[in-house]
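Everything on this sheet refers to the single structure shown next.
Order of writing sets the chain letters: A, B, C and D. Residues in each chain are counted from 1.
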Amino acid sequence: MLASNAAAPVLELRDVSKSFGPVVALRSGSLRVEAGSIHALVGENGAGKSTLVKVVAGVHRRDSGTFELGGEPVDFSSTAESKKSGVAVIYQEPTLFPDLSVTENIFMGRQILAAGRRIDRPAMYAEAERLFDRLGVRIDPRRPAEGLSIADQQIIEIAKAISLDARLLVMDEPTAALSGVEVDRLFAVARSLRDEGRALVFISHRFDEVFDLADTVTVMRDGSYIDTKTIADTTPSELVSLMVGRDVDDLFPKVAAEIGEPVLQVRGLSRAGVFHDIDLEVRAGEIVGLAGLVGAGRSEVARAVFGVDSYDSGSVSVSGRPVKAKAPRSAIRDGMAFIPEDRRKQGLVIDSSVTRNVAGVIRRSIAKAGLLTSSMENRAAGPWAGRLEVKTSALDMTAATMSGGNQQKVVIAKWLATHPKLLIIDEPTRGIDVGTKAEVHRLLSELAGQGLAILMISSELPEVLGMADRVVVLCEGRITAELDRADATPEAVMHAATHHLETAR
Amino acid sequence: MSHTDIERPDSSHDDSHTEVSASEALLVEPSRLSPTRRALTTVLRSRELSIFLVLVAVVVLATTKNNAFLFSSDGWRNFLLNPSILLLLAVGQAVVIITRNVDLSVGSVMALTAYLTGRLFIEQPNIPIVAVLAACLLLGAVLGLVNGVLVAYGGVPALVITLGTLYIYRGIMLTWAGSDRINAGDLPREFLQLGTRSVLGVPLLTILALVVLAIVGYYLYTARGGRELYAIGSDPDAAVLYGLPVRRRLLAAFVLSGALAGLAGALYTARYGTVSSSVGLGIELQAVAAAVIGGVAIFGGSGTVWGAAIGAFLLVTINRALPSLGIEDFWQRAVVGALILGAIVLDRVLAVRQARKLAESRDHS
Amino acid sequence: MTTTQSPAAPAAPTRTYADYSAPLWRRWLLTREMAVIALTVAVFVYATINVDNFDGPLTVKFLLQDIAPILLIALPMTLIIITGEIDLSVASIMGLSSVLLGVFHDSGMSIPAAAVLALLAGLACGALNGFLIAYVGLPSLAVTIGTLALFRGIAVGLLGTTAITEFTDKWSDLATNTIGESRIPLVMIPFAVLTIAFVVLLHFSTFGRGIYEIGLNDEAAHFTGVNVARTKFILFVLSGVVSAFAGIYFTLRYGSARGDNATGYELQVIAAVLLGGVSIFGGRGRLHGVLAGVVLIGVISSALRLESVTVNVTNIIVGLLLVASVILPSVLAWTSSRLPRKAATPPESSSTPNAASAGV
Amino acid sequence: ACGSDDGGDSGSDSGSDGGGELSMTMLPKNLGNPYFDTSTAGAEAAAEDLGIEIEEVGPETASPDAQVSYINTVAQQGKDALILSANDPEALCDAIDEARSADVKVITFDADTNPDCRDLFINQATAEGIAAKQLELISEQIGGKGEIAILSAAANATNQNAWIDMMEKELADNPDYADIELVDTVYGDDDDQKSFDQTEALLQNHPDLKGIISPTTVGIAAAARYLSDSSSKGKVALTGLGTPNQMREYVENGTVESFALWNPSDLGALATYAAAALANGDISGEEGDSFEAGDLGEFEVGADGVVLLGEPFTFDADNIGDFDF
């Protein structure tokens, strides 16, 4: 460590690891960010990017490794400490206080004070207006944060972070829900911050943005550091192969299946403020991909179709028979299965055993005279867990002890056990390692080949393009394009996904 | 999205600056209203005002039936005096509930300090009154701190912890007091006068309670710490991510609630002159009720101590008014229960309507 | 039952699993429930040896009679707390059913007829709670604080502070007599029946599986087709009916129908349920632990009363047990997380290629 | 028969086999009530005099179901006698029967149960005597004319209700009281705050009220405290049953002119002597039995197993200084 402080990087992480119980989220993360630069961090879902960010922010304490800020070793145990050291973080998921006003959300904990340590509200409103002007958005600083769209929530997070005046600004997928115009504004702000000599870390799955904005890029895979390149010296395809660690093609083993009768028919489904006039059709043996930006309302549509949420108007039918609204159980009876996007919160009862999870939907049919014992459940669940090759030592292990991929297999096993006609699967491979990812894709393909109708929602463009027979694109709760496999190019899908927004300005 | 002007055939976006009702604008774009209009609409639509109007209605009704309800010197005094003790508890409770917790031990804390007051005067007849009040505040704060530590560091819901300390504190008080009890004769005259004397027609006790209310209300509205309490109650996980000193604030909220309950205990002794084993029995539920009726959301994050204070006034005044209105006061608890249920159902309806309006505003802006 | 004929079935199973990761004795003995049962037995044995008259012929009878209402209400309360909700209004429902029994009987109705009406009132009370909580979606804590005041208020309002104490001997004897020559009170018969019903409901039925799922993660339960609202509604109705039954027993045993009967029982029931190992966060707990928790509190109170210790001390002990039982898991987790706590600064490993290349 | 080794001290000193030393339990309506504190003190003095063991237990609140557990415990312990003031005349009978079948003598004092279920009742004064005394006092204080109200304890307290009945009858029948109107009866449940608030409500709802009778020590003290700093002080008369220590301040500052009571300490003592006499088999509780009660003199068991302490005594500014209980 001969280098003087001036030459020391703003942030330096070496071999940082972090586990959550049995889950190793970060194996050996390394990152070195210089002042006056924008450093992109890329990697597949679940590569450990957000975990790395949270270690920097002081949300998690690392298990091992070194962590230096401006050449000084640090060890944050709370986000307050990291803030004090000049680190501002935009988390992947918005963290707003719904009951408070937008302005209070931005300045919480460091409000502008007037005489007598009194909060100076007018000054805060003015400052918030200034921030929003700089970001080129119109949000009323006095309105409550509750009810903001995902994009607006993300804007508030950005405003919050840049108002911190930090030497290191970390942005975890800030653009996922933003449209082109907003992204451009954000980038202008980011560049001006860089030119002021601050360091920025930028996480995104969109390569065009990475190449547009960043100076340097670090690739992560499976919780480990892989490589760091300067943007000028690399290409998107090189990054992809670094990220995935092998050829991309065999990730999507799509086999052509015979397309049969329509299974799912959705007509004019609407819900105020969320989605409007959704018409969808999925046929037996067909995989329909539902694409769009985060917050476009894809999950909401799926949930309404399955009956977990209610809808205002429209109709849903399976194999020509209407499905009762807001009644998941009757949807299941009619042959629907739904694998939700949030495995830990919606897909599984994470603190329950493998058996209970797998037998969760079919337990009515395995009960004898209404009575149910653990051994009856074990007998019913074991074979299904086995078919999907769930890796666990015993059936009474809780799902929380398993890796994300295995948890996903448990969810799939649970729904396949119901012999569905239609499978709705939301983000099938979010947070799953590459090997398992291909396995899941193969399984989906196989199921479609057996005549199952599949509606697949995914934020990963390659996944949608690689797996779907037909792609439906959603933007702000409306269908903006319906593309056949042949027509579905990345450009076409992305255009449709931001369509509404771009024509507006 | 409110910040993007989207062309959409079904939305007439050119009228968006004129044809919105004040209440809707208040929700979605309050800055568009002029400051006076904004303030007016905020006040007119507040829970505090509606509950205040209910209070006024009760008083008017009772007074028309019986003039003495308000217009005798005793009636006026009691109208102000009787709610004062509950008001203190409701203020403390409101602060705790705003952080998405609850403090059920206040009745027992109050019993302990009420007895402490008497004991102090018996053992040290010349002790200054201020010292006794300070001792009660301190004991209450310590008991509140115990709650706070267990809740903030134990990771256990406050309901369970304070249910446990409700038993423990009262048990300690009863064991300490034995079959002993405090009579008016044990207490110095000046102290008893504290419970009854008035200044300019307003009882001292009420002034004290209102001063506490004003300080806490001002703090919650204008201090960083106060706003952080709201943030913690609004989303505790986000508050941690944010780096707010969550544990310290929780401790402070419980200490405040405990200290105010401690003060309430001393004032109870001054007001009633006797301390028996039943001091403050069941008053914790009244304090929670006052806060909830006054618009403090039981799941934290919103509401004001002003509302809680009006809630306390309403509860006590209804109790006093029932006999005047020809209803046996045995029904008072039923009325309180119905009020609580009415308040939370109303909150729910309003919240659902607000959420719906906000969601729809995303479609139309 | 093989499922290969289904179109959705994947290839034949390639793995098989053990059903359990631990032997039976470990799964049964090393549990929270067993700890409570062991503590109960230990206290009982200690009291039998050291407390005068605890081994007397009347102890078991009085003990069971005293705790019977709590045992009864603990059954539905356990299920409710496992779903992550709470019912604070049970004691008020007891008081209301007690008053109704008295009022109806006083107006010339026979005890069984009055009891049926009181049970119906309990059902209505439970249904009100259940409706507001399950279908309107209000927090159970707030709702049942409200109905606690409301039901008690109606009870007190109906009867003031008077009491009705005339009950047909035949029926009040039922509440105080024992089974034949034994020392077991008659009320243990309906209690046993209810216990069996609740054990089957919670531990051996699809409905019970849903209860646990709701408590662990009600969103996931909803996503897998559990009717969350209906389940909660049914539980609150059950709680209302059982509380009303306990109120009837209480009235007949003490021969007095009063508005303030059973005041404060809700806290005793909840304390016992939590002591018995049910998590206030929901999703965890078993009925045998809860019953042991109730008996434990009963034995402690009975022994302390025989020692002429005042009820205050008993309350302090119950309060401490309650706080300790919920705080202990957190404290243990905290200390065990604190012990291996120096991982943050491992020895510098200069040879890691990744780190070396990190500087570009 | 008492071995002093460590095995012998468990479970052997119960019951009456201990060779003469009696052991008794005193069960007041509730603990923390000064009236009962005084009666227990009297009982303890008497117990010391007799060389017997007595212990006070009781519930926090005055309700019958809470008393049942204590009666049960006495049955379990097999004490020689139980002295209790009943919170309900009927509700306790089952439990008392059980105790009596375990050879416990049951003596009620202050508030009786159904005469069938207990052995003796120590009556502080006859209901007629008490009712007459209070009417006499209030009539004197309000000049024989005007509205009065009663602030009682619990609505189902036997003794209170008996007195109230007597007073109502007397008011209706006695021509001396023709101008006095009883306008309201309210219940303070022997709870300070409730009694205090009830006093306020009385004054508010009956602006012409001239006097209040509160035949309960908690009630009269709370009412006096309310009156002493309200504008009604001196305008509304207050009398009833109270203890001198509680009432001294109000008698001295003129809020209360006079009130009545027997000596609760004597009452407790008499109950203890009676219990001892019963337990020793000196008397059987039949009408006409008589027993010696220390300094109090000799007492005779009357009809229905009632022993009468005597006439109530009137306290006023002149004599209150002579008492300390």
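Operating definition for what follows: a contact is a pair of C-beta atoms (placed from the backbone, for glycine too) under 8 Å apart; a residue touches a chain by one contact, two chains touch by 3 or more.
Each chain and its UniProt protein: A = Sugar ABC transporter ATP-binding protein; B = Autoinducer 2 import system permease protein LsrC; C = Autoinducer 2 import system permease protein LsrD.
Only a predicted model underlies this, so the values are computations on that prediction, with no experimental measurement involved.
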Chain at maximum distance from chain D, centres defined as averaged CA atoms: A
Between chain D and chain B, distance of the C-alpha-averaged centres to the nearest whole Å: 40
Where chain A and chain D are represented by their mean Cα positions, the distance between them in whole Å: 75
Sites on chain B at which at least two other chains make contact: 174
For chain D, residues contacting two or more additional chains: 31, 60-61
Interface hub residues of chain C, defined as touching at least two other chains: 160-161, 310-312
Chain pairs in mutual contact under the definition given at the outset: A-B, A-C, B-C, B-D, C-D
Residue ranges of chain C in contact with chain D within the complex: 49-56, 58-59, 62, 66, 160-163, 165-166, 172, 176, 250, 253-256, 258, 260-263, 302, 305-306, 308, 310-312
Complex contact set, residues of chain C against chain B: 86, 132, 136-139, 141-143, 145-154, 156-157, 160-161, 259, 267, 270-271, 274, 280-281, 310-316, 318-320, 322-323, 326-327, 330-331, 334
Touching residues on chain D, where the partner in the complex is chain C: 10-11, 13-14, 31, 55, 57, 59-61, 63-65, 68-70, 72-73, 75-78, 88-91, 93-94, 98, 102, 154-156, 187, 189
Residue numbers on chain B that touch chain C, as the complex places them: 102, 150, 153-157, 159-161, 163-168, 170-175, 285, 288-289, 292, 298-299, 328, 330-338, 340-341, 344-345, 348
Chain A-facing residues of chain B, complex: 1-7, 27-32, 38, 221-224, 227-228, 230-231, 233-235, 237-245, 297, 301-302, 354-363
